[in-house]
Structures are given as structure tokens and as C-alpha cells.
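Two complexes are shown next, each including chain A; its partner changes from chain B in the first to chain C in the second.
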Partner chain A sequence: MIRGAKLTIEGITKRYGETAALNDVHLEVTPGSYVVVLGPSGSGKTTLLSILGGFTPPTEGRILVDEIDVTHLSPVKRPTTTVFQDYALFPHMTVAKNVGFGLSMHGIKGEESSARVARALELVGLPGTGDRHIASLSGGQRQRVALARAVVIEPRVLLLDEPLGALDLKLRRQMQDELSEIQRSLGTTFVHVTHDQEEAMSLADIIVVLRDGRIEDQGPPDRLYLRPATRFSATFMGDSNLVQGVAGQSIGERVSVETSFGTFLVGGEAPVGARVALAVRPEHLRIDDVGDLLIGEGRVLGRHFIGAHQRCRVEIGDQELVLNAPAKPPLGEGQIVRVSVDADDVVLLQDGSSEAL
Partner chain B sequence: MTQNKTPRKGWILTGPALIWTSIFFLAPMGMVIAYSFFRRVGGSIDTSPSLYNYQRIFDEPVFLDALKNSLEVVLITVVVSILVAYPFAYILAYRVPPKWQRPLLLLAVLPFWTSYVVRSYSWLLVLAKNGVVNGMMQTTGLISEPVSLANTRLATVIGFVHFFTMLVSLTIYASLTQIPDSYRKAARDLGASSPMTFLRITLPLSMPGVVVGAFLTFVLAIGDFITPQILGGGQELLLPQAIMLQVQRRGDFPLAAALSVILLVIVIAVYGVSAKRLTLDGK
Partner chain C sequence: MKQLGSILRFSYVAAIFGFILLPVLSLVLFSFQDGAVALPPLRGLSFRWYEALFADGRMMAALRNSVVVGLVSAALCTVLGFFAAYGLARYRPKGAQLLRGYLIAPLGVSYLVIGLGLSLTFSELSIGRSLVTVTIGHVVINLPLAFAIILSQMSEQQESYERAARDLGARESRVLSLITVPMLAPGLLAAFLLSFTLSWDEFVIALLLTRFDVTLPVEIWSALRTGLNPKTNAAGTIVFGLSIGMLIVTYAFIRRRLERRR
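Moving on, here comes the complex of A and B:
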């Protein structure tokens, strides 16, 4: 069993001329964990991966693998391996030659090499395909070969650059499960970059939300989803209703927030008079008055039947909220409903700021 | 592109090209092949088919020598052109910033813009006994007496290489730029040193460009009359010169035709070999 390495990112900054692709990024990854760096395009996530892999030198900061500074090590010598977005499989070699390439570069040849190649192919679910040519493989198979080629040399940290981006939806979901299984069986530290928040949530032990070269939020998927630290992560990770408000008095660990729907007492901290936002997930809004906080009476503007639930747009006052109501009974357009929410499901966000909680 | 349902429409569209090719390519080619089996008797031509001309070519050393000289000169040209062109193309494709690649390519193909004949005579001036090279070597004391550089096989090869290096650079450059960056990155990532990355990844994947360049060089050089005539200057005979000799001096068209057919067969054989190499690429 290979144990993954601890990965430490210390104040990494990357500037291209005037623009900073990454700005003072700090991150500590515990050995053997699956970290997903999530961000929209242009957030710097690929640059970060490229710096970790040794392909791009950072302008400032250090990268440590198991407390050893690798910032200036070339990719050849780094204990990291990258699975490239386009897989970068060598088209003039067979599957086995591709997977065995790293081994032969490390001086491992003959029987040991072929045994390890066979094991790696088995791990990714492609046993006995060693003689096939790359051109004859499907997209999903190429993805697997790329993964086998990367893990066969037993890297301490595996870097995956949007590894599932080129696959169709069904295959992507299937590969997610397999990736997660492979990571657990190997125990290697995985750093996976994606813009797909569903992919991030289903794979990650820790999600790191990146925006404009800065870490916006980081934590386990459920914490990030249920208690997002910023407006950006509240809206980027799934849908959120945002309600503007002004903070009032704090009572214990709760703050009263004045909004257009009334004044609510919610958990969190904010100085008196601060502009804040309340974030509520659509599935946390209820169409009854059982919730702790009554938001008001509203009119259904539209409805989509999704299957597990019906997704409605409800207008309360001059604001529109999106909510997921139970699939039954069907709501009609123009119907008047009462909307409430449990206080625990409301997240208090500092307005416009990107500070952590 | 839509599929043609009526074959007639296809014939109409390809007709002009077919007629053109038949009149100006296939017919003359057929005549050359037919002529090669005729025989010159005195001032007239005996049209009863025979292998007489081929017999002569393989019996008389002067023709076999011309063939051997041609193959030697052309193979040296191909090898030297590749050796000169590859590093140039490699540096251009991978080391030069993209915005400078096009201007440099343009400079590289400048020799194509000058006339073939003018270029050959220019080399004659450079390589002549009182030419630039001899002058420089004499003033630097490298040699005391002028060396005969023009009118040698070396001069022919230099003239060829000057021209074909540019051509091969283009084909190799095109091949190199088609190799995704990520291949070389992945190779390094998996522990391959720079020389290893070159030998195992870049070189094999750029072989199509090398083979195409080598093939074009071979075909164009082996059929070329001007460069060996001007620069080689009659010290040795290459195959095209031997053909011209039969046509101009001896008026032996059947023998010239037979020599041409041999040239054609060689070119076809080389094409067969390089085409095979190209499909081996696997991509």
C-alpha cells in the first residue's frame, strides 16, 4: 500500500506581467486525502496544478511534499505525476508501452515492469488491453490508461487536470465513482482540478474553491454546501437564494438581520449596521408555515417538475425566490403559498466581502 | 460534401481534369515507355519492341556509373539536408516564441523565391577558384593555393542541400508543431530526461515530416539536371545528365526514354518505401 504525501502550499503567487493568476495561496493537504480544487475558468486552478507539477515556476511561495521543498525541482524529479486534460497518451505506442513508459524511465524493466503494468491496467478496469493501440481506444478507456500510466510509478501526489472533462455525462459519473475507489485503494494524495461542482462534491474529502487566483473557501463538501463562507461559494456550489439585509443587534450567537421580508434572527456574527446577505438553498425553503422563520406569502410564477421535487419560482414582495417543493401536490402558476425556513438553514454572509467566516 | 447519386455527374466534374491529365501526362508518359522499347538504327527508329536499350544500360559502365553517382549524390543530399534541417525546425518550433516563428519561416523559404538557375550560378561564384570561399580561406591562411570547389560533387551537394534544407525544414517544422505540448510534458513528468523525451517521443512522432521531406528531396533531386550541370560541371555524370546527353548529342531518343523509365521506377520504389513508413506511424 502506497501512502500519499502531505502537500503544503505556502503563499504561492503567480504573476503574468501585471495580472496575478494566483494570489498568495495557502493550502495544507493531509496525506492520502482527495482534494478537489473547484473554480470557474480563469480562476487560476490550472495554473495552480501546473505549479504543483513543476511545469510552471511560481513567482513567489513554496511547495512542500512531506515537508521537503520541491519548488525548484523539475517535473522529472518531483514525486508528483499529472494526468493531463487531453490525457497526453503517446499515439505511437501500445497501451502497455504507454503505461510502462514511466517505469522504463525509472530503470524498471522486464518482468517487474510487465507485472506492474498489468496490475495498473487491472486497477483501472482494463485488464488484458496492453497490446491495443491508443487510436483504437474510446474516450473513457483513454482516460483509464492515462490514470494507469500515472499511478504505475507510484507518485506521492497525483495531480488530475479536469480528468473527466472530455467524457460524456454518464461516463463522467461512472468514472467519478471509480476514481474515488482507486484513490482509496492506493492511498495516494489526489489533487483534482475541475469546474464541475457536482464532480467536486462527489469526489472530494476537501474542496478548495478558487476565484480570481484566491482561495475563497475550503472544507469538506457538506460544510461548503450547507455553510458557505462567501457569496461566491454559496452561488457557485449549487443554487442559493440571496437576500440583502442589514445587521442589527447580536443576541448570544445570533444576529438580527433586517431584510425586505422582515427581521430574522440567524446564527453568525456581524457588526451592527453592516450590510449582509442571507443565503438559503432552494431545498431548504418550505411551502408551509412550519419553519422557524416565516418569510411571507407569495405567488408561484413558474414551476418545473424535476422528478424528485418541483422547482418553483415564487414572488414575495418584489423579490423572486427559487424553491424546491415536494413533488406532490402539484403547484399551479399564480397559486398563493406561504414560505418559511428553519433558522439553521439560513447562512449569514458578509456582503461583498471574501473573508472567511 | 454531398454524395453524387448519378455517376455521370461525377464524370462531368472530373472530366476536364481527366482530359488534361490524359493529354499532357498519361499520353507523353506512355510514349516515353513505348519509346524505351524501340531502337535507334542509324538516323531512323526501329519500332519493333525489344529490350535492347535496357540491355545496353546494364552492360555499359557509363550508364551504371551515372546511376550510382546519382544515387550517391542524392542520398548524401537527403541525409545532410535532414541533419541540417532538423535542428533548425526543432529550435523554430519549440524554442522560438510563436510570434517570431512566422517571420523566421519566411526568411527560411526566401531561397525559393530566386530562380533555380540564378541560385546555382550564385553558388558557382561563391565556390569558384577566385570566389568568396577561396578568398576567405586564403586570407585567413587556411590554404595557400586556391582549391577547386566548383565543378565537383561537393558543389552539387552544397547546391542541393541549400535548396532542400529549406524544404525539409518546412515539413519537419509542420510535423513538430502538430505534436501537442502535453506529450513532452507527460514524458518529463514520468521521469524522462530531455534526450530521452526527444528519442522516445518527439523524434518518432516527427518521422512523418522527416519522411515526407526526404521523399520530396529524393524525387526532386534525382531528376534535377540544372544543379549538377552548372555546379558539378561535367567531372562526373549524373543520370539526368546522361539522359540529356542522349537526347541532345546522340539523338538517341529510345535510349534516353529507357533511362527515364529507370529513373521513374526508382522514384516509384522510393515512394513505396516511404508510404509504408508513413502508415507505420500508428496515428
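Moving on, here comes the complex of A and C:
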């Protein structure tokens, strides 16, 4: 139906006085992909979206849509449309008038307009609701109307500002699946901003992790989750156990890292003597000695039964590790277990500074 | 003790309403007097004074003048008040607070002072007194109120609707006509109705700024100088009735607006 545009963000910086909300952000989005910008509040993600939509001028840098510079184009003329966090549906118009608004602004009227409005409403799962008033819609329905209103004018890039933030958890998960389906059927380039890492992982082709106005890490969700590039993305995206260490000799593709649990040979690169951290996901720790690397013997401090597994806190030496053990057999508090891990599941992080997490 | 308190409170309220409403009520009542003098006792009801009023060319001309001055000045107040409020709320110029105070300031000045000031200014500029000058005078006194009403109805929420409209490709003129004005309609209407009502029965400025063509309150005043007459009571009743009617309409609109917000 519509082909998405290539979006290029070149060295975007936004300063408010002395503070930089965004600092030299570079990003290239391939046509038709679903990009999720993930970051905690204050990371600059909303500012980035506002710059993409043309509502905020950047201090430095350029925005290109299909290689055309749109940095100085007003929102009126930009080939982008935004689904706002508060939806901003016009309360004095019906659903059909809301969805048809952009079409009439682009000179599309009459039968073509009503046909496209009907198609857009069908796409978002609200066929036949054109005559309803905005006040009579539920939160989820408003979200869908906002989406229909934005996609009906076939933008080259669709911007979504925490679009699911106002919905309850169940509806949010349901809308995630629908958003993803709609994006695939339209083929439009989506840029979606959120602080919900689960939402990001379930929707994104590419996740961009933003922190303090800088891109911390970017890549496909599985790469980001399994091989995070920094301590921040390792801990912001799900849980990670971090173990401090000092890099030793490199042997081929592997580096020996000295930690309080002993010396481990893990994949990655680090100069000799560098302070590093090893990140291990709770589900990768095993309570047996079958893994390549034996971490040690520890005592179970606490346990929650989650269903698919039991989540345990295990104390080894003076450090506490979180691990997901199989649901059976039940572990008891105070029980002594051996903990091991496969070398492939250990991620070497360069910035093993002493900063608090 | 408690009973005494409520009796006192009741009498106080009754006294207030008595003092305010009794003269008006007697005016209304004696406009229907079936006799030549507007004095008690009431000699039966008739519409003869209303017939006389409607046959009176000067009174009718003054009534038309009042309606025209009211409509034009209220329209100007609403348009100017809207643009002032929109500019202040959306563009937030430097010194917005000061500007707002400056725009509302005329509310605190007596009509006599404003009327004298305008009268002096117009004669300085060799502009003759006419219905145009009264209209300007009424814009001066009613603009602050229209501005304040409209500004109070502007919200950040509306700003986000305007932003969404621009994002969907609406030029500034379309944003104003399709989003801003329709959403502010109740406030604009309230400002218009109130400006009209206040212009309709305003006397001091109208007296100072008119000459040959006068508004209804001024015409009634000149009629009163030749003595009390049931015809002037009928004219006064018309002025009062329309004012009350407009106030009720305005109130109903504001109330509906508030209820819809809840």
C-alpha cells in the first residue's frame, strides 16, 4: 500500500541553555522498519520525536527523509505524522471527521475521502464507528482512532509518542500485537518512543537505547538482550547480574577476566589491566556444574515461584546473584547449590567503572 | 439561637433583594399603568404605553441605535479579545504578565473618567461625537472583560489539538477556523453576549460621546427630564428585560460548558 521512507538522523543536538537534551545523535533507519527508541524519562526520547515531527528545531544536525533534508520544514509540510501521547483527538468532531481531517487538509474530499476513512477505521479494528463522538470512546478505542487519523494520510514516517502509555497492561499487550501487524501491512517506517522495555522488544525491528541524550546502544532486540554493549543497556533491558573484573591476557577471540569468583575465559576484547564487568542474565545461570564456567558454590537466600521457573537469590562469596532455576525440584532457603554458566552466555562489558547502578 | 441566626440571615438577604429589585419591579409594573401618571395606585393594566413607545420615532431610532452599537461593539470586543488572548496564550511574548494586566486595567477605571478621556481625545483629534465614538467607547470598557473571559477558556489541551491539526497538514488559518474557534465557541459567545448586554444599558459614556443620534438609555434620560411618564417606564422595562434575557442566555451557555467539562 504505502512504502516507508528511509530516515536519517545526522548529528542531532538539542541544547536548552547549558543542558543538552540530545547530544550528537546519529541514526539511520531502513525503509519500512519499526524502530523503537527506548529510554528512561529524561533520556531525550520525546525531544528526539518532537524534532523528527518538526515541532522542536534542533540546535545542530539534520533530519533527512529519503535523502531529502526536512530539518527546516514545518510540521504542516513534513511527510511525518505523529500519534500523540494524549491522542489529541478533536473533541468537537466525530470519529470520521477526526480521521478525515488530514485528508481534507490535503484537498482530498468526497467519496475518496470517505472510502479512505472507512479503510483506515477497518485497519485499526473499528469499522462502522465513524458517527461516534470522541467522548463516547474508551481509552483503547481513542488510541485506535488516533492511529487511524495518522495513517490515513499515508505519511512516509509515522511517529508514535508513548502511544500505549495510557492503556492498562492487558490492553497494552493486545495493542502491541496489533500495532506490529498494522505496521507490517502498511510498510510505513515507524518510530516509536517508549520507556517500556518489554513493549520495545515485542515491537521493534531495531531498538535504540537512549540515555542522557546519547545513543547507548542500537540493534535488533535479540542482539541487544543477549549481547548488550553497555552496562546501562544490560540492566535497563531486563535483569542482569553484573560481576566486576580486571581483564588479563587475550587468547584468540577470548579474554581472561579475573573476578572474585575466579578467572574466566570469555568472548570479547579488552586491553590488559582494564576494569571490566561481566553481565549474565538470570536465565543463563545454571544450578548444576554442567556449564563451561563454574562460578562456585552458594547458598539460596530467597526464592519466588514464578510459574515457568523459580527466581532465586543466591549468595556466592560476598556477592548476590539472581538466577532463574527450573520450576522443579523446589529449592529451599539456605540450600547449598553449585552455580555454573556457559561461556557464550557471559557478556564482557568494557565500561566496568565503579559507577553505581 | 440558631433560629434567630437564620431569621437574621433571611431578612438580610430579603432586604438586599428588596432594595435592588423593588424599584425595578415598580418600574415594570407601572409601565403597564392604565393612566396618564406613573404613580400609585395602580389603575389596571394596559399596553397603551408600549403602543405609544413603539409609535415614538425618536425612541425607536434610539432603540435601533442601541442595538447597532451593542452588536458592533460586542463583535469588535470578541474579535479583539480573542486575538489578544490567543497571542498571549500561544506565543507567550516577553512581558506577557504585564501585557495582560495592561489589557485588563480599564476594568478598574470609572466609566466617567474613561468617557471624559475619550471625549477630550476625540475633540483634540477633531472627531465629532457620533454613534461611532460611542461604539469605540464601549469597546474600550468591554474589551477587558471579553479578553479575560476568552483567556480563561484557553488551555494547554487546546494547544495540543492545534499541534495535531498542524501535523495533519492544516495551515494556520485552517487551525484557527477549524480547531481553535470552534473549541472556544462557548467562551466567545459568552464574551459577545456579555459585551452586548453591558453596552446595551450603558449610560455615562453614551451620554458623553453622542450628540444627535443617541442610544436608548440617553433617550430615556432626556425623556425623564421632562417629567415622569409611563412611556419611559415602558422603555426602561424593555432595556431591563433584554439585559436580563441576555444574562440568562449567557449563564446557560457557561453552565452547559462547565457541565460538559465534568
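Structural remarks
The definition used in the following text is that the second predicted complex is superposed on the first by the 351 of 357 C-alpha atoms of A that agree within 3 Å, B and C clash if a C-alpha of one lies under 4 Å from a C-alpha of the other, contacts with A are read in each partner's own complex, and residues count from 1 in each chain.
Operating definition for what follows: a residue touches a chain if its C-beta (ideal position, glycine included) is under 8 Å from a C-beta of that chain, and two chains touch if they have at least 3 such contacts.
As the structure is a computational prediction, the values presented were derived from the model and not from experiment.
When both complexes are superposed on chain A, chain B and chain C end up clashing with one another.
In the superposed model, A:His133 lies in contact with chain B only, and not with chain C.
Look at A:Arg149: by the touch rule set out above, it reaches both chain B and chain C.
Of the two partner chains, neither chain B nor chain C is touched by A:Glu333. Contact with neither chain B nor chain C is seen for A:Glu320 once the two complexes are overlaid on the shared chain.
Applying the stated contact rule after C-alpha superposition, one finds that A:Asp288 touches neither chain B nor chain C. Contacts of A:Met105 after superposition: both chain B and chain C are touched. Within the superposed three-chain model, A:Asp69 lies out of touch with both chain B and chain C [touch as defined at top]. The residues of chain A shared by its contacts with chain B and with chain C are 53-55, 74-76, 80-82, 84, 86, 88, 90-92, 101-102, 105-106, 149-150, 153.
Contacts from chain A toward chain C in the complex involve residues 53-55, 74-77, 80-82, 84, 86, 88-92, 101-102, 105-106, 149-150, 153. Contacts from chain B toward chain A in the complex involve residues 180, 182-183, 185-193, 196, 200-201, 204-205, 281-283. In the complex of the two chains, the chain C residues touching chain A come out as 157, 160-161, 163-171, 174, 178-179, 182-183.
Against chain B, the residues of chain A that register as touching in their complex are 53-55, 74-76, 78, 80-82, 84-86, 88, 90-92, 101-102, 105-106, 133-135, 149-150, 153.
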